[in-house]
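Look for chain A in each of the two complexes below; its partner is chain B in the first and chain C in the second.
And now, the complex of A and B:
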């Protein structure tokens, strides 16, 4: 029964997407154009130069294109579905999360799993096309591929918890737009979505190591393209796992505190 | 005159209402600045690692993000409420605007005060001062006038693009998704010489999505690269005029779309 409930909850967003063909077309067009633009940009930049910041032309293109595909994993338009925490807080409907037989924390996690699996299908299809077209390089070896998948999973867990923190913030602040934009910006900048972190100055990369964002994308992508060697993978995976545990404990604590703040309209 | 007075009064009230949540106010100023800094960081990373980008001197390249960011800051301040309008359409607020004795477009622009524009403009002005001080060009009155006209043209062109997305949102509120992408594209691909890209891609960013006219062409004309942009010189030089024409066209499209708006209740 629990599995059935989980399945029904997880498939809400993917089903919503599948029933909105214009949205899916938009995703397809955007992903295609973005991949072409990013690949063109980096090949253009490398046209008259050799390796930069320890990254060859192929490594840079593969990293940038994979970053575009990976950012697809959690980019669903939840706002259109009116199921974001900020909307529930705004309309007072958050109280329903606490009236269901499913704990809010589990509901939130199941919805995220559904979204991420759906996003992964897009990313995987895009990856297959890019690989076949020769836009991205295949992983160096089976071991690299395995470590990359493990690292990507851990990265997605870190990302989930970071996004969860933002949602939980809504329980304490009347507005969270600015904080959300700042965090999303930090996530994109420090995870390597805008440009591979290896191109940034040394102080910036040092700063990134103290924050969870680079664990979401930079580590798995660097492992994939070989910028982080397999021999150093253990330490990086341990750091990712450490962030997952730390953020999980913190968000669990916040869920408990958040429950005390929920009041139905009128008190 | 009365309309200007009302708009000014509403803007003042909107500003005061933004001050109600002080932390949010300061954070919104910060987000404006941070968003612009991200563009600088991206451009700086590319500039320092790949010097001589597209045959341009780095001080010349700097003029592109400076122009784009200042035009963007002005857009956010004056006409920026068109971005993200899908949310207001979804919540049915447009239906309320239709009942009031003020043009809907003006009401949309007066919805709230764009606090983030303060941060946007602060960083953009700083970058423009930096770009001008590093520039080797002789900044004559003619050049300064052209740059000023280009900034207004860039603002109008960006407004035209977001107004077109807003028109689509009147029919499909989820079209807002395109607005977010547009903002991202303008930030990442509007800040350096587009001649580093293959011709087809550069052509797309010129004629498909005309972001080359926002800052790249004006900067090329100002710095003497106007003949190497892949389009006739006169077309690159006429960028501000194109911005104006695009904005007028977008406003006509808005009027037409609003006439065909049916709302959630039919």
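And now, the complex of A and C:
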């Protein structure tokens, strides 16, 4: 039965999206426009030069397009579904999370799994189209592909916990809008969504190593395009796993503290 | 014991920061915050027997919702103890969750983007309810609440009345012996209110569920509750049947009479006060704790005066509760 409730809870977002075709159309249009623009931008930047920041034209375009597709994994219209922590705090419906025989932490995680699997379906479809159209390069080898998938998985776990931290902040501050804006900017900038981290100055990349954002996308994408060699993958995967463990312990501690804050903030 | 609620000396205090007025005051509050303690619930005790419907009443801010939140396990009391169906709710939240259902006013627990039936299915799997039981229960709820007319609709498209009916069903789908309802019919039209009341009556009388209800709707109390617990300023003011409350606070009748000529100097009978006089039109009311009943007063007025017209206004439960709330004020302030 545990499998059943996990399945039911995980499929809330995909089902909600399927019930709202205009939202799906918007995703398709946005993803297409973004991929075309990003590919055009990087093609233009490389028009009169060979390699920059240690990346060839093909590597840069592949990195940038994959970053656009991967950023789709956790960018769903949760707000429209009224199932974000901030909305539950605002409407006082957060109490129901504490009235079910399913711990809030597990419910939150199951919902995220569903969202990410659904987002992955979009990303995978986009990847297949881009691969067929020759916009992105295939991975260098089966080993690279395998390490990339593992690294992407760890990166998504890091990202989940970072987003969870923001959600948990609502138990103390009710609103997390400002923090969310800062996080979205920091995440896009420091994970490589705006531009591969290899194009940034050395001090910026050094700073990034102390933050979890580069572990979410830059590491797996760099592994995919070969900017990080397979021989260095072990260390990078270990850093990602370290972030997962650290963030997991911290968010687990915050869940326990948050349970005492349900009423004072949740109505 | 399955279905019982036991509350012993339950208290809950909140620590808050007092915000000083003005810009300078706000800055001072930031640097040197002034702490205050608010006693939301103070030392309340009561029991609810299995299969009983108890109305927990009180004015806004009396501590009703805080009490319910402690009994549902969301909130831990500062002191005292509560047991719901034999479980200490705030110590064993998950075990307690299987024994209780709850509806908090207009706050929905349904998934906004999904059809209602899909929400029911999620809850069925979360609570491990067998499919055939789930289907049978839905059919039973549908008979009274008429859910099938809109249970394929997405929650975001439901009217308030439809949504609350679905929320009631959602709260009872796992067959809990104890149900907490915090103002479940607030904002609903009379037809839907009656439907909800019938549903609750059915759940108590036929299914033997224990219901703890808070409401400001006295018609609801009259139609549903056998017993009432009145709290104010977090303290228990009264615990008794509706008849007891009426006896204690309900003597707010008025006798309006039109006197025949010659009655200019009206001296009312003992226990009766002259409230107003406008020429021959007079209004009498009860005077003191030994006041007669409205029928005794009517008889006394007719015997004493020659009247050309007479009418009585008996207080309804709303008036009774108004008196009860007002009566509770000084006691609470004196605590």
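Here, the second predicted complex is superposed on the first by the 262 of 267 C-alpha atoms of A that agree within 3 Å, B and C clash if a C-alpha of one lies under 4 Å from a C-alpha of the other, contacts with A are read in each partner's own complex, and residues count from 1 in each chain.
Assume a contact is a pair of C-beta atoms (placed from the backbone, for glycine too) under 8 Å apart; a residue touches a chain by one contact, two chains touch by 3 or more.
Everything numeric in this text was worked out from a predicted model, so none of it was measured.
When both complexes are superposed on chain A, chain B and chain C end up sitting side by side without clashing. Judged by the touch definition given at the top, the superposed model places A:141 against neither chain B nor chain C.
When the two complexes are overlaid on their common chain A, residue A:102 makes contact with chain C while staying clear of chain B. With both structures placed on the common chain, the touch criterion links A:32 to neither chain B nor chain C. Contacts of A:41 after superposition on the shared chain: chain B is touched, whereas chain C is not. By the document's definition of touching, of the two partners only chain C reaches A:262; chain B does not. With both structures placed on the common chain, the touch criterion links A:199 to chain B but leaves chain C unconnected. In the superposed model, A:20 lies in contact with both chain B and chain C. With the two structures overlaid on their shared chain A, chain B and chain C come no closer than 8 Å at the level of C-alpha atoms. When the two complexes are superposed on chain A, the residues of chain A that touch both chain B and chain C are 20, 80. Every residue of chain C that touches chain A in the complex is listed here, in rising order: 14, 66, 69, 72-76, 93-95, 97-98, 100, 102, 104, 107-109, 111-115, 118, 121-123, 125-128, 154, 156. Within the complex formed with chain B, the residues of chain A that make contact are 20, 22-23, 26, 30, 33-34, 36-37, 40-41, 43-45, 47, 49, 52-53, 77, 79-80, 173-175, 177-179, 181-182, 185, 188-189, 194-195, 199-200. Interface residues of chain A, counted against chain C in their complex, comprise 1, 4-5, 7-9, 12, 15-17, 19-20, 80-83, 91-93, 95-96, 98-103, 260, 262-264.
On chain B, the positions that touch chain A within their shared complex are 21, 23-24, 27-28, 30-31, 34-35, 38, 41-42, 45-46, 49-50, 53, 87, 90, 116, 172-174, 176-178, 181, 185, 188-189, 196-198, 201, 204.
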